[in-house]
Structures are given as structure tokens and as C-alpha cells.
């Protein structure tokens, strides 16, 4: 069973989704337990896989028993073993949250919603696990199709946002497909490791076709991860979709695409080609700086809670792209670590937004009026996410910033360091604005009156199914922060084994 | 004819078609036209892939019955004739070529059959494009469904009209 | 937007064309894609290692069977997604095309009669395409689409309700799920036999009078049938949802 | 110098954090809740005092808790300077708790449970800063303190509190994230070390002199809790807090943490010798001198008693920074002693201000004429506190100021000598009139009747104790004097 764990990671939610589609259609009550079961199985399998990767190094799982490059393989090294654990556990937490919201938001299509939910998780897990460039495309499309639908299942505005996402997402995925085609035409292979070997063996570093393929894949992935200025689809899509959808989409989709970018750069093209041969690092870091600033500043202007958070995602994507393109080991470590920490912090704040929206029915910041009194535990969970996004120790967000800034300083990219710090400060402003509304109320009393009547804001906490994932995420953020040394050790092992060569300082 | 203009005319064609599709996706105001653009765009990529697999003088990557069982079949005097001659001449080298692939062909049901790679076009891009077609169809379907829902909600499939509706509802 | 679009298109086109001179010529047999051991292996060895003469099917259903399973899942996803987006249970605002486009007249006699004759033939042809997919052009997707088309023809020629009688929504889901389960089942049973997912060669104990190579051939037929189930069901489901605006009552 | 490993500093740090649990769960019964605060306070004090003999014998206590980033540990270390600060903070916590019982109950404040809980968290952070062994741990607790004190500062939850809280966090977070964090990471990269404080600094040889200037400025302004101008405005802004908070925050926890951090940076990161060779003391001392004079002048113009005290604090903190930047043994001793002496003096003053507000509702100095008739104990305590803060004999502040002056002379910084003298006069000018007018005004000017009516007894006890302590420290300035002298000698004679 243990040997099969890599395949089981995505097969379990996959089979669960199929069963949900069939059985859940008739018996709505089985959907939720099945989803939990499927995701829990996936978490179990991914942890088993992570442990065996830590013990025995890279796992290569040959599907259909065919040796690569003839067959497709799942190739799991330190990097995707970590990311896969993150993806499966974030999906599990989002699934736990979904218990009431799905019934409230999509009551007539519960089985379809859950089936799509699990298929999305399957697609994302598959993207992380696969070692084949074309298989990645298929899984990108599965994840994309499910996200279109999950967004379009929301109210009016969501449909328009979903349409925009369809167009942008298809362009992105098609660019990726085209890029793979350019790679195939020059190397004749589709297996990621094999492509890398062929690139070296055929000495293709100078080939314009390879360069164009690199541009196509990078731009395609950028569209998918909403890297500024290709972000237009994201804010509305995550803002108007059903809350459960945004709870799984927002933390995972962009992060998994960042993973794909890292995988492409390091495993397929190789660090030497990406950084030493193409000298684009300077431009792209500046683009990342722009992304960070644009995302943060746009977030400042929002009054809708989820829209504000969506713009923060754009800034966070800037962090990661910039960190990777610093062409520096610490920056790379920081970016990969940030994939992990950002997934959980985004989950945390989106869960919080979901709870607030389902509790109050309002989407703007004023919905938070006096929340510290009414929902103290929810606010505690939110604080963990907010502090992490601001970068307050010892939450995970602080350490990712720590490594990223270290990378920025090491490589002498001060503009990136400054952008990170500015964005942290803007995050502080954003979240303390929320905290102020929740703590003082929208309109605080003029003078201080000592007899606050505690009667009219009674504690009415979110239901347990929503509170548990929120608080769980909060705790995980602390754990990831405190154990960052061990996570970073895994990432460093991966980087040192992936032959960074002269590409990275 | 096109071949005489440029040895890589296929790429030019695919780029032109693709750009037509991309232009429609970006610039058209009508949501269905955008989806049509999307279809054109994806089809261009399929064209590109399939054109990779073409080999001069090759046929589709399916073995005919008489190729598998040459003793039973009759020799057709068409394009396949050359191929069979080549097949006969290569029969002697059969064992060497098998040695390269080791165990893979150990239990082959057609131990005497030797196939020359240049006779068949490359099957892999075909397979990939079968997938891409399916993906294209699915995306188109979902896109159309979303467009229909938009029509039901806003009463229009023109982007500018929908944006106006949203703007006026916000005021 | 138009100017911006044009600029973007010209830039992209220029980028794509800039690499053209680096590509192999049309029909070049020595291009990396055509001469690399990957495609060579598929062409020369497929028949030996899988006993399937149609290399495309072999690559599709066996070498890259994992891809194809997800391809089927893409179709399945699309079906569920369209139901999720469009389907309306119970009365609700009409979403689809305006009513006046739907003809209330009785279907034409010639058309219905022709269809009644044609549909069985189409379906038999579809079954042939599915079943013979590993020997000649064809396979699960192609056959499934043809099979689905036969129901669509029924819906177009008569009305959606008649076609719905044959394939109601519950049956659509059942068929689609069964199709995927058949595909995944081959993989899972292989796992039970102690091999990797989708490794058909270990399935030969289940199939009388086969060795591990023929097991691959037979399993390919099996998965193609699974694919066909899903594609048939979903194709019809996509049509009926789009045509009726999600209420599956009356269509075009 | 010997080192022993012990878990005691960690216990001392977290005991008040653990106390949060009983405080929250016993929120329904105030007596038990405050009881647990006291128990934790006494345990904390006992733990700190138990380490005192060891430290006085020249031994340091260390404990490494957790290696959090490769090569970077959360570690605790108790030395003379840390001990001095820890002793001040933990002893004053008990008194402040006593005082706040009187204050909070007297005024029937809301959300008292939250108040005591965050109070305890703040204390943990303060002791954490005092006992941290490296710059990273220091930063960790520094940030924790900023956040834990926010609910205390904004306790009233009204508009004024929101504005004050906003100023408070804006200054503290923007400086710590904007200045300290990059400087921290830069130092970490440049030295590749674990950022452990060492008695002669660890930066020497790793950075050039222009980098040193930038880093010193970043780290000095970054720890904005020290109130150096121009990053001082949060301190008057934070005066919206209830008085016990102001007292503890401004006399002990927050501002002293700021100057403590600067002392740590100057001695443990740069090292006195390195500052002397690079001649970096002058920059800091001029900034400090500017702050001293300007803040004293501003204090003169304030009518709100708490704001006047706040500006006085800004000035007094800069004494400490000035003292260390003199880079002489006497200056260093003086500045360390000033941490404790000023703490006792200033907390007395704040306690008095709170007691006055509690008993009469008066905030403005102009309304306090003749107050001595009504609240003699409070006003006498206020007088004693003033003496100590100004630095006159009979107040503990005399010794620290004496050493500071000695330091300027021995270092040859006569300009600084003049600054100190001017500011002492200014101090006297803004403190004495308050006490003077309270007792010696014409009967017709007096705003109060001769009716003995003090504040809540808890508050009066607390302020009397601190006033007496201020005098006691003049007579017997131990153990602070020995600790300061010992620490100063360690930093200056280590090579």
C-alpha cells in the first residue's frame, strides 16, 4: 500500500468525486462525509509520500508500468512532496468548512458542487505530482474547468467573472500547450527530466525555439497565477464566487501555478538556462516589484472584504515570482516556503471572509462591526492569518518574508526588499483597519463611557464546522512558522539536488 | 505549392490562424464570438502539433493486417509496396534491433515483424491532440454554458451592454 | 480594446514566428520529434509489446493511459460543470433562447422516419468504431461521440423529451460514472495485483488464454469502452443542457 | 566569566503568559482573577530574584529554547543589564497590578478580564526582551509587546482611543518592520552568525564604516519605543490608555524596552570599542541631546498632566541613550541605573496622576491648585517622584544623573554636560509648580476643600510604595548600582 501512496494521493479524491456525482445526486447527505473521507485519504497518502521521500529520496512512480520517457511518471521529490501535503490539507480544511455554506449557497446542486470540488483537488494534486509536461496540461485544464464552474455557480457578477476567467484561462493554458509543443519539436520528449537531458545533450541553449517556448510557458503560467499585469480575471472571480469556492480556489490555484513555474524553471529548463543563459532576472524582478506594489495599493482602495483579499493574492504572487527570479538560493527557498505559508494564510483569511459573509450576509468591511465581541474565537483565527500576512513573528508569513528579504539583500535587489517592506506595511494598514472596525465598531463612541452594555452584542460564534478549519489553519500557521527550519531543510535539499549549477549565486 | 514558397509554411499558417483566433478573443464584444475565437485559437494549436508529426513519405501510424501477417495477405501495388520491400530487406537485421530493446519485446506475438520508423508518421502528436480536442470541446461547452447563464441574468451577450447594466445597478 | 488587442496579437504572432526558422522543415524525417527514441519506440515496438497494430490507440490507452483517463475526466468534468452552471431544478426564470425560436409544430414525417432508420445504423457504426479502435482508426472518444450524436439527432429530429426518455439525467450520470469507473477500475485492479496503477500487463490472470502482452491489448479495448460510455453520456448531456437552457424540458 | 544553563529565565518569561489562562477562566470572579495575577507576579519576581546572586557573582545564565531558522535560535541569556531590567519590570508589575485593582474598580472600567490578560502578556514580552540572548529573540518579543499593548492602549474603545491606537501602531510597526527587520536580516547575512549578543559586539570586521552608520541609525530609530525624536509622537498619543497602563507602559514596559534594545544594540551588537573606533557615539548623542531639550520645552507647555509626563518621559529616555553614547564607563553605568531610577520615579508620578483622576476626575494641571489639601499623600508622593526624576538628592534619580554627568566630564563631552544641566533645570521648571501649587497656594485660589479624600486604598498603597522606594534607592541604590557597574565593566573591559 505504501508503494502505491503517490498514486493514491489523487486517486482517492478522484474516486470520491465520481461516487459523489452518482450517489450524492440521489442521497444528498452522503456528499459531505464522502468529501471529507476522500480528502482525508489524500492527506494521509500525501503525508506517507512525504515521509518516504524524506527517507529514501526521489520517488518515481511509473504509471502503466512503462519506463519514462515512454510512459507517464509521477516524480516526487522534496519540492512537490511538500506542496502536495499543502494542497491536500488545504483542500481538507476547505472541505470541512463547506458543510453549511454549500447547502446555503448551492442547495439544489450539492452533489455537483462537491464533485467539482473534489475534481479540482484532484487536478491540483495531479499538477503537483506529475513528471510529464503534457500530462500537466491536461490536469491544468481539469483544474481550470472545475474552477470556471465553481465560480460560475455563484450569483450574477460571478458568472461574468467566470466568463472572463474562461477566456484568460484558456489563453494561458493554450500558451502553455504551445510552449510544450515547441519543446517537443526540439527535443522529441515530453518527460520533464528527459526534456532537460535532451536540452543538454542536443546543446539547445542557444535555440530561439527553446527561448520562445520558455516565454510561452512562463507567460501562460503567469496568466494562470494572475501575475500583474495579467491578473485582470482574478479579483472579481474570487470576490463574487460562492464562499466555499473561493476558500479552495484562492489559496491553491495561484500557489500551484507558482509551483509549476518553479518546476519548469528548475527541472525542465534547468537553473543554468533560466538564470545564466537568459538574463531576464533584472526585468522580471522589477515586474514583481510592480506586481507587489500594484496589488497592495489596489487592495487599499477596496471596501469589499474578499476583493481586498484578492488583491493581496496578486501582491503575494509578486512576492513569489520575484523571489524565484532573484536567481539566488535564499530567494528560491523563500519563494517555495512562501508557497506553503501563503496557501495557509490565504485559506485562513478567506475562511474568515466566508464565515463573516455567511453569518452577516454582507460583503463589505462594515460587516465586521464589533466582531471581537460577537465572535471572539473567529477573530482569533483571523488574527493568525492577518498577522501572518503582515509578517509578524513567529507566524509563517514572517519567516517567508525573512528568507525572501535575505534573498533580496544577497542578490543586491534592493528594490525588491523595499517593495516587500512596503507591502508588509500596507498589509498592516489593511488588517488593522479590519481589526479597528471589529474592535471599536464602525462608529465608536465619542467620549468613553464606562458602562458598555454587554447585552446587545451577544456572543454568537460561527458553527463548529467553520470554526474548526479556521482555528486549525491558525494553529498550522504557527506550526509552519516554528518548524520552518525543517521545511527549509527539505527545500534546500531539493535545491542542492536539482543542480542549480552556475545559474544561481 | 505552398511548400515551394517556404519549407516551413505549416508554421506560418498555424500562426496566422492562431492570431485570428486570439484577436477575436481579445477584441470581440460579443461573448459567443469570443468563444468562436477561442475555438479557432485552439484548433491552430492542434494544426501545429499535427504538422510536427508529418514525415515525408510516411503513412498513418496503423499497421495493416497484411503487414502484420504478410504470408496471408496480398501485396497491394500501391504506396505500400516500397515499404514491404524495405521490410524484407531489413528482416535480417531484426535480431540486432531487438537486442537494443531488451526484454520489452521478449514475448512478442510477431517476433519476425520489423518496422521501419520512417514508414509511419509520428503517433505521439496525434495522441496529444486527441486530448487537446477533447479539452477544447469541454472548454467550449463550459464557456457556452456560462454565456447562456449570463444571457439569462443580464439579458445580453454583448460585453459592453452587460458592463453598462452593472454600472447602472451600482449607481 | 481593439487597438490593444491588435498590438497584443501582433506581438504574440511576431514572437511565435521568430522561432520558425529554427524549426525542422515540413515532413522532415530527421527532426528531433520524429527521430527521437520516443516516437521510434512507439512505431517499432508497439506491436511487439502490446500486440495492438494501431499505434495511436496503443499510445493513447496504454503508454499514456494516465493522460487519457484524465482526458475522460475532462469530459466528465465538463458535463458536471455544465450541469452545475446551467441546470435548474424546478421552475425558475427562463434562461435559454427566446421562446419564439422554438417551433411548436409537429416534426416533419420524412425527417422522423429517416432518423428512425438512421439512428440504429449510426449506433451500430459507433459500436464498430469503439470495438475496432485498436485495430483501425477509431476508439472510445470517436465512437462515443458518434453514439452521443445519435441521441442528439433524435432530439433534433423529434424533440428533447423523446431523447430524454432514452437518456434521462440520472442515466447520464450513471453512464458517465460507470465509464470512468471502468477505466479507473482497470488501473485499480492492477494495483490490487501489486503493480502500478494502469499496468494492464498484470491483468492476464483475469483474462483466459492471454499472456501479459495480449492482456494489454484486451485491456485497451476495455478502457476504450469505458471512455465511450462517458463520452456518449456527457455529449448528450452537454447538448440537452445547452439546448434547453438547463431545464431539460424543451429544446431547439 | 562563567556560564550556566538553566531553564529559570524561560520560566520567568512565560509564567505571566501562563497566568493568562486562569485570568481568562476566572474572569467571572474578579477576586480570584486578580489573585492569580498576583500569584503570577510574585512567582515571576521570585524567579528573577533567585537568579540575582548568580548574576552578581559574575555568572551568566543561558538557555537555548529552539533553533528556529538555520543558525538562529530563540535563546535566553541573563546578564547584568538584563537582570537589572528584569528586576525593575517584575517588581513594578506587582505594584501596578495592585494599583490597577484600585483604579479599574474605582472607575468601574469595562472588560477588566481582557485588561489583566493582556497586561500579563505584555509582562511576558518585557521579560522576554530583558532576557533574550540574541537580536532575533529580542525582535520577536519586541513585536509581541507592540501587539499585546495595543488592546491596553485602546482599552476605552472610543474614537479617541482609536486615534491614539492608530498612532501607536503606525509608529511602532512601521519602524520595526521598515527599519529593524531589514537591518536584522542584513546583519545576519553579513556576519553569518547567530546574532548572539556578545560583550564586545560582533559586527566589527564584517561591515564597512558607512554601512555601520546606516545600520546604527536603522536600529536606533527602528526601536521607536525609545521615543527618540522624530519618532516620539506615539507616546503622547498613547496617553488615551487607562492610567495603570500608561504607568506601566511608559515608566516600565514599553519605553524601557525601547531603550533597553538600544543599549543591547550598542553594547552587544556593535560593541563599545567598535563604536569608539568608528566614532559613532557622537551621532546618537546629538540626536538624544536634541530630543532631551526639545521634549523638555514641549513638556513645559502642556497643561494635561499625563501629556506633560509623557513628554518628560521622552526626554528622560534620551538621557539613557545619551549616557550610553558617551561611551565612558560612568556614562554607561549612569544610563543603566537610570533605567531603574527613572522607572520608580516616573511610575510614582503616573500613579499620582491616575489617583488624581480617579478621585477628582481632573486631568489638567491648571485644575489642580490646592489639591494638596484634599489628597496630601498623593501629592507628597508626587513631589518625591518629581525630585527623583529631576535628579535631586533624596531621590534615587540623583545617582543616575550624577553618573551621567560624571560620564560627560570624563569623556570630555562638555556640550552634553551643558545639555544635561539645561534639561535638569527645565525638568524642575515643569514639575515643581505642580506640587508647589498643590500645597502652597492662597486659600482663595484653592479649588478643593480641606476634606481628606484619597483615591482607592489599593492605589494609594501602590503609589506610596513606589515613592518610598524612590527614596530608598537614594539611600541604598542596590542591587541596581552593582548590576549596572558590573555590566558596564563587562562591556568596556572585555578586551
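Note that the chains are named A, B, C and D in the order they appear, and that numbering of residues resets to 1 at the start of each chain.
Convention: a contact is a pair of C-beta atoms (placed from the backbone, for glycine too) under 8 Å apart; a residue touches a chain by one contact, two chains touch by 3 or more.
Just so we're clear, the structure is a prediction, and the values are computed from it rather than from any experiment.
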*Have a look at B-C versus A-B and report the one with more C-beta pairs in contact.*
B-C
*Relative to the centroid of every protein C-alpha atom displayed, which chain's own C-alpha centroid is closest?*
A
_Length of the line joining the C-alpha centres of subunit A and subunit B, rounded to whole Å_ = 32
*Please work out the Cα centroid separation of subunit B and subunit D, and write it as a whole number of Å.*
75
*Measuring from the mean C-alpha position of subunit B to the mean C-alpha position of subunit C, what distance in angstrom results?*
15
_Rounded Å distance between subunit C and subunit D, as computed from the means of their C-alpha atoms_ = 74
_For subunit C, give me the residues that contact two or more of the other chains._
16, 21, 23, 31, 33-35, 38-39, 41-42, 64, 67, 71, 74, 77-78, 81-82, 85
*So which bits of subunit B are touching at least two other chains?*
22, 52, 124-125, 131, 135, 138-139, 142, 145-146, 149
*asked:* Quick check on subunit A: which residues sit in contact with 2+ other chains?
replied: 134, 138, 141, 145, 148-149, 152, 159, 162, 178, 184-185, 190
*Name the touching chain pairs, please: which are they?*
A-B, A-C, A-D, B-C
*Within their complex, state which residues of subunit A touch subunit D.*
387, 390-394, 399, 401-402, 405-406, 409-410, 417, 421, 424-425, 428, 432, 436, 439-441, 444-452, 454, 482, 484-485, 488-489
*Considering the complex alone, what residue numbers of subunit B touch subunit C?*
3, 7-12, 15-16, 18-19, 22-23, 26-27, 51-58, 60-65, 67-68, 97, 101, 104-105, 107-111, 113-120, 122-127, 130-131, 134-135, 137-139, 141-142, 144-146, 148-149, 151-152
*Mind listing the subunit C positions that touch subunit A in their complex?*
15-16, 18-19, 21-24, 31-39, 41-42, 62-67, 70-71, 73-74, 76-78, 80-85, 87-90, 170, 173-174, 176-177, 180-181, 184, 187-188, 191, 195-202
*Within their complex, state which residues of subunit C touch subunit B.*
1-2, 4-6, 8-10, 12-13, 16-17, 20-21, 23, 25-29, 31, 33-35, 38-49, 51, 53-56, 58-60, 64, 67-68, 71, 74-75, 77-78, 81-82, 85-86, 93-96, 135-137, 141, 211-214, 238, 241-242, 245-246
*Any idea which subunit D residues touch subunit A in the complex?*
66-70, 107-111, 139-140, 143-144, 147, 151, 154, 156-162, 165-166, 169, 173-174, 177-178, 181-182, 185-186, 188-189
